[in-house]
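One chain, chain A, links the two complexes that follow: it is found with chain B in the first and with chain C in the second.
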Partner chain A sequence: MPPRIPTKPSASSASALVRSSFVSPCTSQCLPSCRAGFSTTPSRERSTILRRDFMMWLKTRGAKYRHPNPEGGPNYLASNTPFPLNPQFRSDRVLDEQARELIWEKVMKKGETLKAVSAELGVDLARVAAIVRLKEVEKDWISKGKRLATSYSKAILNMLPLKTFKPGVENRPLEAINEIHIHTATQKQLFWPTAESRQFTREDAAKAFHAKMLSADKRVPHPELIRMERDLLRDMSPDEARARFISAAEQSERQAAEKQRRKAMDEEQATKKVKTSRFEFRFKEVDSELVGKDGRAPNVVGWKYGMPHYDRKKGLVKIPTSVP
Partner chain B sequence: MPRAAQRRLHVLNRPKLRQSWSKYNLYNLWRTRDPKIGLADAETFFQQKWRAKGVLRSYHGEHIKERDWERMFSRRLLSVADMNPRYMAANDGSEMAAGRGSGQDMITPYMNMTFAPMERRLDIAIFRAMFASSARQARHFVVHGKVKVNGKVMPFPAYKLNPGDMFQVEPDSVLFATGQPKKKGGSGPRKASKAPEDNSEAEPAAEGAEAAEAAEASEVPEQDPETTDKPEAPKTDMKPTKFAIMDLSKQVKTILTRDRDLSALQKQNLRSFLKRAKSLLAKAGRSTATPTDIIDELNKTIKELNLSDDSAKAALTESSSSEQADVSSRPPPRSIEDLNAEELKALQRLIKEDEENPADPTKPYHTPWKPRDYMSPFAFIPRYLEVNQNVCSAVYLRHPVARNGAAEVPTPFGYGVNQLAFNWYLRRR
Partner chain C sequence: MTLKIRLARFGRRNAPFYNIVVAHARTARNSKPLEVIGTYDPMPKADPYDNSGRLHKDIQLDMLRAKYWIGVGAQPTDTMWRLLSMVGILEPKYRNQQPRTAPELPADIKKPEASSST
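Now for the complex of A and B:
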């Protein structure tokens, strides 16, 4: 902080004038502030060295970051990552409009299964479903005449690394589609003595880790793909193997849909609905005797002796955990 | 200690990295070097962990209370392994049991997943989907009911997204957050000829109130508490008025130089107008000036200026109300029949662009919409999100995971720093 010269309230205006005439080099500089508030404190310098450096950077090396890359594509501080100190985070490619439209058409117009589309284009199963869902929202907006954020979309896609698919040709995959979660039970080291002569397969390894654990072949999102590759290894023609894969994918999706439908139906049957003018009351049968081994199971209904009841406790987070 | 809302978000001395697209943050990101924690013997393990946690926590959800984050933290780090179908078809796994090992692999950066639970939060997911320019702004949108999850308004920024949840942000809010700010004076951004200080003052409005405050606070000198001076009355922004006068005199000058068939009287009138405009400009610079006074006087001068040439007069009066560029220098309009095929196509493209991105003064951002400055170095969309920018919606596909050689949590520091922070939150210290 610059030193402050205390103002003298007793000093008359005449003496102040005399004083100011002696310190003439200063007066020309701080004249406006003197006139405003009779303060002799020189005004503070507005810019610090740090700020000047920052401004200089904006004009020189930082200038190219002001606007998006004129050729399109990413414009990061480091070559492939927005964080120069973390090369282990990569900015992955995203699908462009054409690719999304192609996926939507395959699923909604041609009626191909999600699994088949995912395997053909090399896009994660959940991503295929999400793309179709979002595209449906987009089409809905168009049909309702709601304005899309087209300019925003174009600008953002212009800044990102993009991946496109061409219809009717074999496309290179976007990402690995057959990934499995690494189960906690498999993260420990095991000492598991077996005979040297024994074929110790993935199936056996799963059993060794946990009695109920499924093998990796059953846990992958695309077990049908492994079967197709086996067919191909057995010298089946590619077309036939592909047809078998597609029918297997269809069947598994049908089964999944059937399972979901049955679950919803069971839920429906178990609930008794009473409609009033304002609310719909839904009643479910609950057995209050089912309280677990020690009578204190956490998810059972009702108040249990010795167990805290957190429903209305102050200071606990009560925001919803899911939106159906 | 000041409350989180009062602290400055972006600073130049002792910089902290933030979840924000501010140019200050970009500069800090560019100049930050590896903190080199634990490379010298000078620090104890506790100190190393403390510092690592500090640098990371200032980036990851600095608006979230430490207690809340500690609750969120999970020591279980998610990862995936790629199972190549062709390899799985050819081998049953017994080749792994043969004891020859699998060779040196790339590491799976588990430790970079320390702040993975944070990415489940609704506000941070909105920032990651590029619907807001900072996590704080994303939080603001959520609190103000601009965000829906699975079609229902979700007013809680701390809502943890579940795999498959779709969140939608009001497109107007997104355009406001990611677009150029509206300039105070007029409807559009001024041309490139601007003073450099002016440049620094034109902070993007979308940066959040904190950032703007921070920038202002660094420029306004402090009031000395000992002096009893009255603070000066708030200044009215005279810049637009000044620009209007300058534009007008520029136009008059071009008319004077270009138009050969002006009468002597007209020329005299125009020159006297130029003189008056000059004095008006000086008046506008004074502290007592108000925009209405100046504009009134300007209008009076224009009325006094007797122009028989209607087009010139029209041009002048039009530009006195709005600050249009040089109107009189435009070529005379042609009819559509005169255009050739190429020009027609260009015209159609222009019309389409205008339809998609119209100029609309009622919007709180600059129209036609353009992306804000210094946005592209921050542009990435992590793999656990699928975003459709057209409808400003995104789906949270799954929790972020680590895989061989890469982790999906966007974090500004590398493995070592994250590892120390992870150890801090294990609470064995």
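Now for the complex of A and C:
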């Protein structure tokens, strides 16, 4: 921090400013420091050995990095990676504009299920859903005449390896789609003695880890794909197996929608809405006796007495983590 | 001692949030009550994806317990009386806020006015 020196009267400081503006061209930049400091001499530009080397490099070998690659695509220092000190780094391929449009069209125009599109193109289920949502936002913006950051998107896509899909042909998958998230209950080491004569299935393994855990077969994003493979093993024709898979995917999507609808309806029924001139008051029926004998049960009605409220605790996520 | 159904302020600065509590009348506002029967969030909120400007306030209430405590003589404060009257647990304390319509005029006065307007 510069030394605190009382400021001069405004008239004299203004005249000093005028005088110093004739002395050096840098006055406008170092105005606050001029008032506090004792010297009006501009500092010499620092030129370290490193900086000089950098300038030299920029004139010789680095000349081609001054401007973007004229052929398009990335312009990396090392041959294939954006991080020259980490040659092992490979960026994952991202879906290009055409692929995203294709996914949106399949889901929103042709009415295919998310699971079917995900399985057909080999794109993660959550990614398919995200692409459809973002495409909807994009199209909404276009219809409203909002400006899109197209040049930014182009620049980013130029720097990354891309993956595209062609309509009407069998495409190579982008990623593995049927992976299971690691359940925290499975992260501990477990010794579970069983009789050798007993068949120990995945169901049993799940039960051994946690009483409420589902088996791996049920936790995968596409259990329908497993069923399809079983059908194929049973000598079912591929077309028939595929049709069965699609109908199973539709069924599961319908069930999920129905579940969501029922949940919303239950919530609606438990809420009494009273309109006043300014606001709507929404009364939700709760059970106040779930707090337990000591009144300290978590996640029941009301703020708790004599218990810390962790809403501002360091390291806790304070932004919303889900889309309403 | 008198029992009250009242609000206890929680929340943060400029972000009030109330517990609806049943407590003895002479105890401090935020002292431990006999029972917490609900919450009242006085900050008006909009529904997600709703740009119409309509706002709502959220209240959680255990109606059964509220009725019970009223039944054994707990006295709601004015604010709580207003909220409880909205769900029909109590009669509204203050007069109806609906815009009032003038009583109908006698027939003999009505006639000349109708003729003058036409």
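We take it that the second predicted complex is superposed on the first by the 214 of 324 C-alpha atoms of A that agree within 3 Å, B and C clash if a C-alpha of one lies under 4 Å from a C-alpha of the other, contacts with A are read in each partner's own complex, and residues count from 1 in each chain.
Here is the rule we use: contacts are C-beta pairs under 8 Å (C-beta built on N, C-alpha and C of every residue); 3 or more make two chains touch, one makes a residue touch a chain.
Every value quoted in this text rests on a predicted model; they were computed, and no experiment measured them.
In the superposed pair of complexes, A:Q189 makes contact with neither chain B nor chain C.
With both structures placed on the common chain, the touch criterion links A:S79 to neither chain B nor chain C. Applying the stated contact rule after C-alpha superposition, one finds that A:G302 touches chain C and leaves chain B untouched.
In the superposition on chain A, contact of A:P324 is made with both chain B and chain C. Legend: residue contacts after superposition of the two complexes on their common chain; A:I180 is shown touching chain B, with no touch to chain C.
Overlap of the chain B and chain C contact sets on chain A: residues 324. Against chain A, in their complex, chain C makes its touches with residues 10-11, 17, 19-21, 32, 35-39, 44, 48-49, 54-63, 65, 83, 86-87, 97.
Contacts from chain B toward chain A in the complex involve residues 12-13, 23-24, 26-27, 29-34, 76, 78-86, 88-90, 92-94, 96-97, 109, 112, 130, 149-150, 152, 154, 156, 158-160, 162-166, 168, 171, 174-175, 178-179, 196, 200, 218-219, 221-222, 224, 226-227, 229-230, 232, 356-357, 368-371, 373-383, 386-395, 397-398, 401, 403, 405-415.
Interface residues of chain A, counted against chain C in their complex, comprise 272-274, 276-289, 291, 295, 301-303, 305-306, 324.
Residues 4, 6-7, 36-39, 41, 43-44, 46, 48, 50-51, 54-55, 57-58, 61-62, 65-69, 74-77, 82-92, 94, 100, 124, 126-127, 130-131, 133-135, 137-138, 141, 147-153, 155-157, 159-160, 175-176, 178-182, 184, 194, 199-205, 216-217, 220, 222, 225-230, 232-233, 317, 319-324 of chain A touch chain B in their complex.
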